[in-house]
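Pasting the structures in now, so scroll down.
Each of the next two complexes has chain A plus one more chain, namely chain B in the first and chain C in the second.
This part shows the complex of A and B:
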């Protein structure tokens, strides 16, 4: 009898289902790239964006909505992993790599959305590194978020994977060189384990406040604009963080459920405790988000000055009412499902996924309502109310962004185990008759 | 050696962040003419500072040990 070791969790194995998934994602991505090239060639005229006031449009459209959404989604993963490290929550260990991957991919896609929105991205990047001013919240976006958070999540992902990479490097496979490179000489000695534990602990301590500060700048981009009704306010930054937590956790739940299904034999590695934790945290974040929405709504409706009133009417009864009420319905629906689950102390995966999809969709609606209406209906100058609706080009580019994120996650799962192996579990042996 | 280098990376990184931040645009300047950075590319210094601080974790963990039985 001969014993052979194979790569765990389907790494290096290209199943028909995975090939179809990659093919579909590639097609959508190519459509997105072609749409962007068309936009780059023809100019922003092919989008629904137009000047505020004079052209009755919005200069920040669906791309900026997606910047806010994707960067928001990135928050939960890294904070959750840092939280799990500091408080040694073993139940969340199984999804730590998945959470970091979600953070990294959504950040990459979110930052790509910033560049796509710029129109002339190269000029934007050059001017940013030469002139960006710390007085502008964009300074935070371009430095703390684009470099700091992205780099720290990549580093976290890399360092946390070295032990598994060292194990995989011992298995004879076509990916051996890659796993050796990742392991970078890791030998799993006691000293290395201790160093790794220390690094992860201090990195986690550093990352939580760093990420909160960095991502708050996304809310401040809107919150400090005095001349724009609907944007100016102290709640924008905390609101961004809370919604980010809700959308990030919701996406993580859906992604975890998908990965669990895809892994088949290894699905037991993601136990019910993981979903119980994620469900509880999503419940807390969503409840806080609903509370903030109510506070904002009450403030908006109480003795509102003229310009704010126009905006409130547009949101509650005007052209944005269907988005506002749909978003509110979805978040309340999702919250109700979560409360019901928590009250029963039983977390059904199906119900959790429905609640997560509802909450994530409501966050997209909320981001849309944060970015757009204040430009079309939040004017201090005597312009007529404007309008904005994305064109097929913008929808195609955004679909391409989602496809890119899915593609990155799908590809990663074929080169590295998505669930940490943690030593003993790594041993997956296939017995073959000699 | 490992700790010294790690601390060096953190301190140099923090220093670069401070220099990059305060040089990116003068705080409290009342004229728009003062809105340019003190030197071209000052924001990049801030970014390099962030990278250096974070790289300290890599230095601490990746630096080869002379004697692996020692922790530190």
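This part shows the complex of A and C:
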């Protein structure tokens, strides 16, 4: 019996809503690109950054904040999928591809932000290949994260979609060549399935420690600097990982909710169990993040060494106080919503989204407070305190980064199913057997 | 082996900032960048105030945090102790600036020629009729040369957009057997420069004969700049004024 099949989940179909979404993302991206070209021509002078010390500025600004944020967001997706594979959590299967896509896209955007921040980006790429020094914490960003994690997540995404690609390659469509290319000869036979399962299992086991180590270097970039009050400390790396997990899960929840709404007919594929899992994990990550924040705050308030005093004042009641207290309010607010839902054993999608947005925003604030105040108020010599505020160029470029990420995810959804086709395949097997 | 170092006698320094000017002229640094900087502190309340000075060149640390963090080896320490930046290799990540506890690094945020001191418009026709378009900015040709055994562009590299710069101990002068410009120009001989491994140099004698301290010793950077007299700066000191140029 011949099985009639068409491309699922709106793949290959361009709806008006999707076209509007892509058009808006393109416009924002183009504005970002133009702003960057202006910056490349004029130099980083068009940003709000300036030298620390006598110039009283911050030499790392919003771009580095976003590098930390985007690379952090990338952590959750890949670790979640690995976690689901190793412990065979079927409820999370529906969002495995979405999670990997979030990892890949946020990594790409984060690494792009690194290049955008460099004074000489092209020379940066060339010299990092020619003269890279493993002793520098940037080695972690440029090699472990840029090559290692990005390639692993791409490979993971590829392998994860191979079975579906084999299924789609049978369907007569304009994208057949692409699905055949993805399947690369994989036929989904019994033996191949077993090999695929084993590959994914071992890859999952290996990937978690590797990703944690690689992304910890992002925290070490700050943590090992003895000459910069506010940065030096053993908590920077774990803090980065915990905040990364919280922001990644928060973004994944919002993204899953959007995809669920967009898919309409297929929305049932993402059931309540998915959000229950994501909500529970976000609760754990946020609780850990709040715990670390309290530990840091208590240490800072109880025994502030001389050079840290100015920084503590700037954070708690100085120019950064509004960011500090708003961030703290948002994370506590988000955590309260999550705890309330968990206690009632009832997860409302709307409340979960509000909590996720609050937590994700608080992580941006936390990243900002990690990067900036130590530069303007963390000098060990008695320079006058400095200040930093991003310019429209930086805001436009960062908006472009978000647009690029959204564009990549939007485009992917039109060439490949965003939710694994396990159900479809099972349906086909039943029909073939009949 | 040569081991260069500098001594700063705070009892002799009168805060004239001649060293800052000499550095600017010698190295053609752009507006707002002070490879050599002199803090002028005021303590107390008028009329019972005390003014002190603290020259701050790059400390050319033996355990230089800026060298450690550089991802491409553009910031490096020579055998003679000079910590230099290879202008051809620097990628402009600015990590060295953040790792340094002394705040001695200056990034070129734009084309340096756009940031030269511009009290007057030097391209104005009436001014060009006098200068013939030759000045300024004056460009020291030595800055663009390759220096040392490594033959790297370390004297500022003629300045370029998007790379990091800092005090070089005037590597281009030292290589010719001269002293750094700041040392050469100091009217009170508050700055001394020389080879620590040669016991007969004024620098070695100076260190033998005086009690010295180093800036931010607690940071473990082991600086090559030794201070004589005065006291280490504290957070309670405030600068009399800030540099007006901010770029």
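In the analysis below, the second predicted complex is superposed on the first by the 418 of 434 C-alpha atoms of A that agree within 3 Å, B and C clash if a C-alpha of one lies under 4 Å from a C-alpha of the other, contacts with A are read in each partner's own complex, and residues count from 1 in each chain.
In this section, a contact is a pair of C-beta atoms (placed from the backbone, for glycine too) under 8 Å apart; a residue touches a chain by one contact, two chains touch by 3 or more.
Only a predicted model underlies this, so the values are computations on that prediction, with no experimental measurement involved.
Asker: Taking the superposition as given, does A:124 touch the first partner, chain B, the second, chain C, both, or neither?
Answerer: In the superposition, A:124 contacts chain C only.
Asker: Touch check for A:199: first (chain B), second (chain C), both, or neither?
Answerer: After superposition on chain A, A:199 lies in contact with chain B alone.
Asker: Contacts for A:50 in the overlay, against chain B (first) and chain C (second): which applies, first, second, both or neither?
Answerer: second
Asker: For A:139, is the partner it touches chain B (first), chain C (second), both, or none of the two (neither)?
Answerer: So A:139 meets both chain B and chain C here.
Asker: For the three-chain arrangement built by superposition, which of chain B and chain C touches the greater number of chain A residues?
Answerer: C
Asker: Return first, second, both or neither, reflecting whether A:298 touches chain B, chain C, both chains, or no partner chain.
Answerer: In the superposition, A:298 contacts neither chain B nor chain C.
Asker: With the two structures laid over each other on chain A, which partner does A:343 touch: chain B (first), chain C (second), both, or neither?
Answerer: A:343 contacts neither chain B nor chain C.
Asker: Per the contact definition in the header, classify A:189: touching chain B only (first), chain C only (second), both, or neither.
Answerer: first
Asker: So, does A:148 touch the first partner chain B, the second partner chain C, both, or neither?
Answerer: A:148: touches chain B, not chain C.
Asker: Residue overlap on chain A between the chain B contact set and the chain C contact set?
Answerer: The answer is residues 128, 130-133, 135, 139, 142 of chain A.
Asker: Touching chain B in the complex: which residues of chain A?
Answerer: 128-135, 139, 142-144, 147-148, 151-152, 155, 159, 162, 184-185, 187, 189-192, 194-196, 198-199, 202-203
Asker: In their shared complex, at which residues does chain B touch chain A?
Answerer: Those in contact with chain A are residues 21, 24-25, 27, 35-37, 40-41, 43-44, 46-47, 50-51, 54, 57-58, 60-62, 64-65, 68-71.
Asker: Applying the document's contact rule, which stretches of chain C touch chain A when the two form their complex?
Answerer: 32-34, 37, 39, 41, 56, 65, 68-74, 89-95, 97-111, 115, 161-164, 215-216, 219-221, 233-235, 237-239, 242-243, 246-247
Asker: Chain C touches which residues of chain A in the complex?
Answerer: Touching chain C: residues 42-45, 49-57, 59-60, 117-121, 123-124, 127-128, 130-133, 135-139, 142, 221, 225-228, 306-307, 309-310, 375, 379-384 of chain A.
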